[in-house]
């Protein structure tokens, strides 16, 4: 059940070179690829592998077309072609619609006939599960929560009451959507818990990583817009808004009420303080701490945060600090000698 | 089923101004509030909203009472009044006592008659569940563990054997209480696992965030005292002690055997090394690394850690490091010229 | 059912001094130890406790043997002896083999007769569970995944399809093995998900902490070699390789395709960027950011990363930055005066 080179090219919006009828069955690394495998090359260091590969076809940028004599898929964006080819050749088997007999489903839940509810899942009163949605083993969908059409929840996902997940979302194991925000009033030394009355509202085509947590809003909602991608072990606090197509890598924390723009990227372990605004098209380096609003697009790094180019220049000096301190001390001594009018001997 | 302004004031320990019989039904943002909603204002930027709001009543600090002509709840601590009003108006519906038929409950577990055990929960031998406690869907309560009266465990919480949770605690989805501490002896290059024989002992009125992990003690116990609030994705290692009413924000890690005092706050992504002591009333800035004991109360920041005021002064220089290095180099050149006795021309 | 001093010494590969027939029943802290308890001392600060302890025996380094008059276990590696003695005296009760009636086990799964499958566990088609393995309550073992002999999965662990866990591994609650890697191609502003086709392959004697996440490889596999120890809340991205006997503390993130050597240690909250190589026997300080390959063994710290000894010297200067900047400014003023030929008065 492979796909011919010509058809694959057409469906991936790539050009092809070679035998249009050659059948491709799967993707593989260049080292492991056989005659019906499609190999993928990225970066210079893999180019040497081209000579040795047994791959039935290879994806290349047109500028590299001369490097391989066999069948080719050619594209200005080889990674995109690889992604599409892999999606075609390795489509996940569709979930079998139905409700596992061990699932606990409230009679008032509204579940599409073609949805798949896994073993030990719990669907509470008034929840809605859209067409073709897959609710994995042990997931808990709270009261009046809503899961959009075609969304897939892997095992052990929790979606709490009234939260909304859009269409075609993917939630990985252990993700928690709608835990209470961390909000308290203080009465003397004691914290009094502020009820967290808002929701989490997630758009379409959002992916959320394993064990990532997104808190519900305090009064309004926490909002994750369409196309956002969140990696594993990320914390999104209450009332945060994340703009369309923003991607956030693992171990990032975003504090409460912060608004992040569209098409941003935030690299691993960065932190963003609360109550600030980040413009569209902002890119944050790993481990940076965003302590103030960022009104301008661009790349930023460090703590305190600064434009990336500045950070690069300053960061290299961190490793020279002790040397700088010693040179400063030496200068002070020399200058003291000079200013005392004494002879100065180096 | 609202509450009159006068009754709300009385129950929230606030003053009121306006119609004592006006019925308040819920809290809302000023923008969304209607005639039976209570609006809440914090900070200058929200004050403009007061003119436009349709809120039936508003909570204000007495100094701002002149800014709004309608019904008021007045308090020196508006946030506390909001918290209490929201708790009254939006009380969570009480869980229905009973044991879901899919729960797996050992015959030797001691479960209060009015506790609520959710679907697919597992209660092992000898565990105790107190009066009014709620054990969410899929929670696992280990052998001889104890959950205090009125505590609420959201779905997918794990409490391992012999751990103790006090009264009125709230544990959010995916929290893990009592995983093994990270303890090994080394035999050449190989790690040999040290049995983790202690417990986690959690006091009353503690809240623990989603996917937060607290390891059991190696020999003694890991202790979380009364009133502690822990946000999401926090790691508490074995034998840590956290003092009363301390609050810790998301993504913080506390290494083993460290003792943290009472009424401390630790902001997001901070780290605390093991085997140190932090005094009462210490406040740690986000992303700080606490590498030594802190015997004095106060605010601290940075890595290496320093008093907050010092950190502020030093941190601003981080963005000037390259400039400082260039100025240092220029000084060295100038001084060399001068000391060589040559004419110095700027 | 205790063990005599002589037998314990033999089984722990320690020397003993005192009554060979004295029965030891458990380990305890020196403060709490009674006449049949084995106490353990590490570090100077505990030595004072030796005079007061009622412990029936104590583990000491031979150099300290003179400090205690009672029964002794003596070893150059007291921690290893403690670990072994605790393992003998406090062996976890063996799980009772069998399948809990609420477990959902596919008919094609291959489960050893002496494995123990807990309540509400889910074992999918073609999965293999080895001899003596324990699958905790609510665990989900995906299609064709494999759990080696003697491995123990605590509650709520997810192992996704085709992933492999070796023998004698321990996985703590909420660990996720085999979530999708964070891989996308970009088409204009939109992210297109790259199928994650590889596996996670975990060796023997590996321990994985609570809520730690390990992503499956994109094409090849993510590999965790024998003897690796991972603490809680760690993120391991796709295609990472972690060498034998490496230990990683909590809250660390390792980005994609990075290779970490054997016998490394990485302390808490450190981050490692993607596509780099770290040599064997590298030790990374807490909160460090490894931004480049490390070809040489040794200790490293900071961000930017540097050898530990350099970092120590430089880090102390961080707290002097403002003072350095002021001294630099003062020097500039003095030198300007001097170079202008004017009188210089301090």
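The chains carry the letters A, B and C, assigned in the order they are written, with residues numbered from 1 in each.
The definition used in the following text is that a residue touches a chain if its C-beta (ideal position, glycine included) is under 8 Å from a C-beta of that chain, and two chains touch if they have at least 3 such contacts.
None of these values were measured; they are calculated from a predicted model.
Student: Nearest 5 degrees, what's the C-alpha rotation angle taking chain A to chain B?
Tutor: 120
Student: Given that chain B and chain C are copies and touch, would you call their interface same or different according to whether over half of its residue numbers are shared?
Tutor: different
Student: Hey, how far is the Cα centre of chain B from the one of chain C, in Å?
Tutor: A distance of 25 Å separates the two centres.
Student: Please output the residue numbers of chain A that touch at least 2 other chains, ranges allowed.
Tutor: Those would be 102, 120, 138, 156, 174, 211, 233, 251, 269, 316, 318, 320-321, 324, 328, 331, 335, 338.
Student: Using the touch rule from the top, collect the residues of chain C that touch chain B in their complex.
Tutor: By the definition above, chain C touches chain B via 27-29, 40, 77, 79-80, 82-84, 86-87, 90, 92, 100, 102, 118-120, 136-138, 154-156, 170, 172-174, 207, 209-211, 227, 229, 231-233, 244-245, 247, 249-251, 262-263, 268-269, 286-287, 315-316, 318-322, 324-325, 328, 331-332, 335, 338-339.
Student: Can you check the complex and tell me which residues of chain B touch chain C?
Tutor: Per the touch definition, chain B meets chain C at residues 102, 104, 120, 122, 138, 140, 156, 158, 160, 174, 176, 179-180, 182, 184-187, 189-195, 197, 211, 213, 215, 219-220, 233, 235, 237, 251, 253, 255, 269, 271, 273, 289, 302-304, 306, 310, 313-314, 316-318, 320-321, 324, 327-328, 331, 334-335, 338, 344, 346.
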